[in-house]
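The structure that follows is given in the form of structure tokens.
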Amino acid sequence: MPAARRAALSWLEREQVFKWLPFVPVQALLVFLLLPFVLLVYLSLVSWRITRGVWWHAPFVGAANFAGAVQDERFVWAVIRTFGFAAAAVPLELGLGFGLALLCRERFRGRRFYTTLFLLPMMIVPAVVGYDLSMLLIDQGPLNQILSLLAGRPVTVRWISDYRMAKAAIVGADVWQWTSLVFLIVLSGFAGLPPDPIRAARAMGASRWQIFRYVELPLLKPVLAIALVLRSMEALKIFDYPVLLTEGGPGNSTETIAVYLWRVGWDFTRVSDAAAMSLILMVVVVMYTVIAIHILRRERRQLAEEAAR
Amino acid sequence: MKRRWLVAFVRHAILLAWTAVTLIPVYWMLNTSFKHSGEWVTWPPHWFPEQPTLENYAQVLTPGSTIFELGRQTLKVLKPLWDSLFTATASALVAVALGSALAYSWARFGTGGKNYPYSVLTIRMLPPIVIAVPFLVYYVSLHLLDTYAGLILVYIATSLPYVIWMMLAFIEDVPSELESAARVMGASRFRVLSSVVLPLTVSGLVATFLFVFILNWSELLLALTLTNTQVSTIPITLNKFQSVNEGRDYGPQAAIGAIATLPVVALGFLIQKHLVKGFSFGLLRK
Amino acid sequence: MKRRALLATVLLVWSGTAGAAEVPGRTADERAINGASLKLNMLTSPFHTKALEREIPIFEKATGIGLGDLIEVGILQIQAKAMAEAVAKSGSFDFWVGDPISLPDTAEAGLARPIDEFAARGLPDVDDVVGGFAEQGRYKGKTYGLFADGDNFILVLRKDWLEKPDERQKFHAKYGWGPGCPDTYEQWAQLAEFFTRDFDGDGVPDFYGAMAYRARSWGWRWWLQRFYAKGGMPFDDAMRPLVVGKEGVEALRDYIALTRYMPKDILGWATPQAYPFYAAGHAFSIMTYPSIALAAEHPEKSTVRGKNAYCLVPGYIVSGKLVRRSIQGFGNIFYVSSYGKHAEAAYWLIQWLTSKEVSARLVTYTDSVFDPFMKSHRSDPRVIRSRTKEMVETHLRNAQVSPPLILLQGAVEYDDALDLNIQEALLGRISAEEALNRTATAWERITDQVGRTAQIEAWKALRRAFPTKNVPD
Amino acid sequence: MAGIRLAGLTKAFGASRAVDGVSLDIPDGEFVVLVGPSGCGKTTTLNMIAGLEAPTAGDVYIGGERVTDREPRDRQLGMVFQSLALFPHMSVFDNIAFPLRIRKTPPAEVRARVEAVAETVRVAPLLGKRPATLSGGEAQRVALARTIVMRPRAFLMDEPLSSLDARLRVEMRTELKRLHATLRATFLYVTHDQAEAMTMADRIVVMQYGVVQQVGPPLAIYADPVNHFVAGFFGVPPMNFVAGAFAADAGRLAFRAAGVTIVLDRPAEAVTAHDAVLGVRPEHVRLRDGTGGWTATVSLLEPLGDETIVFLDYGGATSIVATVDPDEKIAVGDRRRFMFDQDKLLFFDGTTGERILR
């Protein structure tokens, strides 16, 4: 090995150098992302729309765009609605995913068949799900046909044209697709449960339910926390399903943040307003993040303590 | 004995119900992809194609126009399929490499401070629409609009938080004594990574790769904004297949859906062994 | 016929430049037109692709100007994609096919390029365009695009049902007229009521009396058409919204009331669901785009081929006189991009595509949505074969009473506010008055944001494009 | 083969010092055991020697060479870890071959050397197995083999026997000693187990709070501890401590505690300290019949077979522990008299814990 190369390598090996190696490209990338963010902040402070000349000539208006955004009922509702979708979809995904994983945790005939199949939905492009559902959900479509068969009488749920059911359809699409991910996460969690505490609990005469409630569930909490944070983060970004299924309708029942901002920015050309809304959203999200981080950190700490013991 | 039979019965009943829920939309996609256009939307719905056809697949897979040869591929799925594969794979690979290196550095040396991974997580929380407009302006000035590099860069950035988070848990599961041992035995830090850390976190790497691959493979909004003619991904292409008499071209769309699902499913099955291990996020000690 | 058209085209293109012998010219456009080969990029929704893919190669053979790359996005994403290009100025497409609604915004944003100078030399076949349509490519006194798709609404009834003697008798006995093409919306409602049938008695109709669009992003146009027929105008001279008056509220109530005779799911339906539903014979009437004829008369896919009556769009009686209005349902215009590298070449291509001969061919293709818009289409046998003579006649008569959409800057936003509130009323979440009040409030804000003075000016110009005729000849 | 020298080695984590100015000279071939309670800084010291942690101050010399700034791989030390740190993804063979392969040793030589070492530590039949399938003792041997095969300049061992059961641990001690005798290499062995230190070490280094308390051969440390801590650390059962005070008794020095007074053959001026602690090993406590000494009640008996441990309640704060012959007739509740071997008594300063009156 040539001396120069050796010297370079041993320079890279030094802890103070080595530990920063991955940070250089990552920080570079983050800086690369930061510049458009600065542009976003700038745009939020001026009054620019695409139909009004070039952006660097737009007049400075200070907080006016923010005031406008807060007063924009559609925006406020889109935020509330999106959080609502997340609040409805995520617990369902967690519940279903957990329940299914619970049923699939032990070995039994057909387990492989089920676990393989249940992973399918997350592998399908959400846009495909949107189109697929637009065929399935029309009121005389296959889904209502099945429901009628099960109910033994004609059932016509207006999945995409009723104000409430359309929301349910969007939540349903999310649940259908992402329960698979939660299932996978929880199933892995079960697979990774340490056997000793469970054996100990059994030795102490705990019933199956007690073992589950007092031993397994607490041990699985960190896994559930991860699934919770992961899914709520993604659920705040719902875009494909409403765009491809309902166009945000009927009324504005399925207009999510992403859909509304797309409209304001591109269709209505009000880029500055969209920028202000984005920043407000960011504040909301950061608050949410702080809570999520709190949960994650608590779970991690708890885990570290358990590991130490 | 009777009780056990009952448990098995209930278990299979519930699991079969969810199997049906899972399979019906997938089946409907496949079913539609083999139907002639007249059967896509019918009252009542047709559960089997009356005259199964491959024309939808032919339509999306055959390059060139059927009537006039324009010397290029239009409305076809091969190019978007390739573009999607390329962008999703490249971005997932780079993101996994960078993200896991960063996670390693943070886990072992606490580089960047206590809150670093948490703050990186914020990137992922923002809906991509938030950055779409400034990104467009930015990309135009950097000549990154409508390029592979541009799309891959933004996908790397948006996947990094997940990679860091998933890999962090994994790396923390590798006892640091193993690394010390290797170093004392003469391994360089890079050799430690390749001989010890990498083999021990391979399930995590694989699962993480699949996860961000799926996310990038499916991404619609940024792709729609940041590409024009040179790059076109599967989700954008789905949007394109619309025809006059039937509005949405359900058949070809279903065919694209089936084709687009296939690589991911294949990938998923290939690495199924790693998946269950990988997605535990290393949170529980074995 | 085809050969003559080709020759005419070539001459037309050649006439745009001076010498044509050895590929002279100062710019790429000129040289291209003069014989060099040139590829133009296009942005379009997939609804137009197949027809254009067939036609443009013919132009290329004659002139060397052909189609390069194609950016296709969903029809509702055209505006967004155009706006993205207005920001990006990337020149990724030279021309595009889009809705007139996006004209004001794309013109203000500098994306749509005025083509008056080219048109002055090229003399496109605008004189043959049916009145009202040609105006749609103009904004603030300039021409930004060439009209290519006469998409105003038409009402289609099931002729076979109308002709059943017992039904005729019963209907006449009940309502004292017809049955036949309705003159007024009340009459259409009567037809809808009468012909809605529940064969199996399960409380859900199996044959629906009426269909029209009520889905988000689509339904507002059907209201606006009624509103215009009531004599309503969207704004006064100071751009104060006028939708809240009696006309608006009544039109909205009627609009909502008719929904009773439509499939329950109509709020979620657009073309993909509506056309096959009608073509499968599940509805008595449908008011929609003229391209319904392509679906309804489709030789293989339609079960109602030859069983359709094409009617003028009904109207309202306003101070004793019938007023019919048939609004532009979507319509499409070829625009030239300011940022493309080959503006002039693009112009020649779109002029060629919108010429009498080529447009007739475009209209004929059943896999695209170009609808008749020229006087000459009325007598063109190819057009008639694809759509029936009755349909083409009726459609072009409808066009005589076709008012413009709100072609002002912010058009998409005005329409979206209207659309949202109409749907809220339709869902029963707010009253008709409230819906229109909210629309007016939103419109005021939009006008103020865009700049009232400029809007007033544009509105005054637009108002002149409203039809004076109340009933077509 | 090389000796190790530490000069003022210090490691600080923030304000606290894990290792505080450790200086030590280990000649080539010596078996040194670094012993102390957990958290005393012994593992940190070992890690600094290996190069896994950088010292805050001070230097490490190996074979006379300063290696403080060298990477671990450039120090050529063999290290056995507490968890053994066998690579779970490699077979036993690959584990042992790892250090050789890193040095790009030709495959044939790798095989030969691995097999030779495997023979030495008796793991030859295990070469194809995975670490997860090995028993504790087998894993132990593999970890050793992996270290030996690289022919290090010195061996560092960080509590390598702590995961073994009691019997195996005793066996392995002997084996390690034998290995040391064969290899004649420098061994630096870290443990918290005083018995390991006593049985294996040529020299023992006792650490507490990051500071070396005493260095010396096992028996010297046992017999002649420098302070209360060292005295208490060695010996099973541990030394008895009786807290009391010095006083003058007719010009002679006397130690008084609850229930016990000892008059020493020293002048009263021999110490200045007032409070003191008396230390006496259990084997130096004598039970006797008749008179003399002090009276106590037998509160507990622990027969070990070769001897019996007797707990004596004499009225002090804690019991006095004595070891007696197993044949001694004794029962719980007996009242017995006891005495200390006067010449084996140790005294420590009551405040500082330092040995006094040596």
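Lettered A, B, C and D in written order, each chain numbered from 1.
Here is the rule we go by: a contact is a pair of C-beta atoms (placed from the backbone, for glycine too) under 8 Å apart; a residue touches a chain by one contact, two chains touch by 3 or more.
In this text, all values refer to a predicted model and were calculated from it rather than measured experimentally.
Novice: Which chain has its C-alpha centroid at the greatest distance from the C-alpha centroid of chain B?
Specialist: Looking at centroid distances, D is the chain farthest away.
Novice: Report the inter-centroid distance (CA atoms only) between chain A and chain C in whole Å.
Specialist: Taking the mean C-alpha position of each chain, the two centres sit 39 Å apart.
Novice: Could you work out how far the Cα centre of chain C sits from that of chain D, in whole Å?
Specialist: So the centre of chain C lies 93 Å away from the centre of chain D.
Novice: Averaging over Cα atoms per chain, report the distance between chain B and chain D in Å.
Specialist: From the centre of chain B to the centre of chain D is 56 Å.
Novice: Note the residues in chain B that touch 2 or more other chains, in rising order.
Specialist: 40-41, 43, 133, 137, 188, 239, 248, 250 - these are the residues of chain B that touch more than one other chain.
Novice: Which chain A residues sit where two or more other chains touch them?
Specialist: 13, 15, 134, 138, 140, 262, 266, 271 - these are the residues of chain A that touch more than one other chain.
Novice: Which residues of chain C are in contact with two or more other chains?
Specialist: Only 80, 84, 87, 272-273 qualify.
Novice: Per the touch rule above, enumerate the chain pairs that touch, sorted by label.
Specialist: According to the stated criterion, the contacting chain pairs are A-B, A-C, A-D, B-C, B-D.
Novice: Under the stated contact criterion, what part of chain B meets chain A in this complex?
Specialist: Within the complex, chain B contacts chain A at residues 8, 11-12, 14-15, 18-19, 21-26, 28-29, 32, 40-41, 43-45, 47, 98-99, 101-102, 104-105, 108-109, 111-112, 115, 118, 120-135, 137-138, 153, 156-157, 160, 162, 165, 169, 188-190, 214, 217-218, 220-221, 234-235, 238-239, 248, 250, 253-254, 256-257, 260-261, 264-265, 268-269, 272, 275-281, 283-286.
Novice: Enumerate the contact residues on chain B facing chain C in the complex.
Specialist: So the residues of chain B in touch with chain C come to 37-38, 40-43, 65, 67-70, 72, 74-75, 133, 136-137, 139-140, 145-146, 224-225, 228-230, 236, 239-250.
Novice: Quick one: in the complex, what on chain A touches chain C?
Specialist: Those in contact with chain C are residues 49-52, 74, 134, 137-140, 154, 156, 158-163, 166, 246-252, 262-263, 266-271.
Novice: Mind listing the chain B positions that touch chain D in their complex?
Specialist: 175, 177-178, 180-188, 191, 195-196, 199-200
Novice: Per the contact definition, I'd like the list of chain C residues that touch chain B in the complex.
Specialist: Answer in residue numbers: 41, 45-47, 49-50, 53-54, 57, 66-75, 77, 80-81, 84, 87-90, 92-93, 270-277, 279-280, 282, 291, 294-295, 298, 300-301, 366-369.
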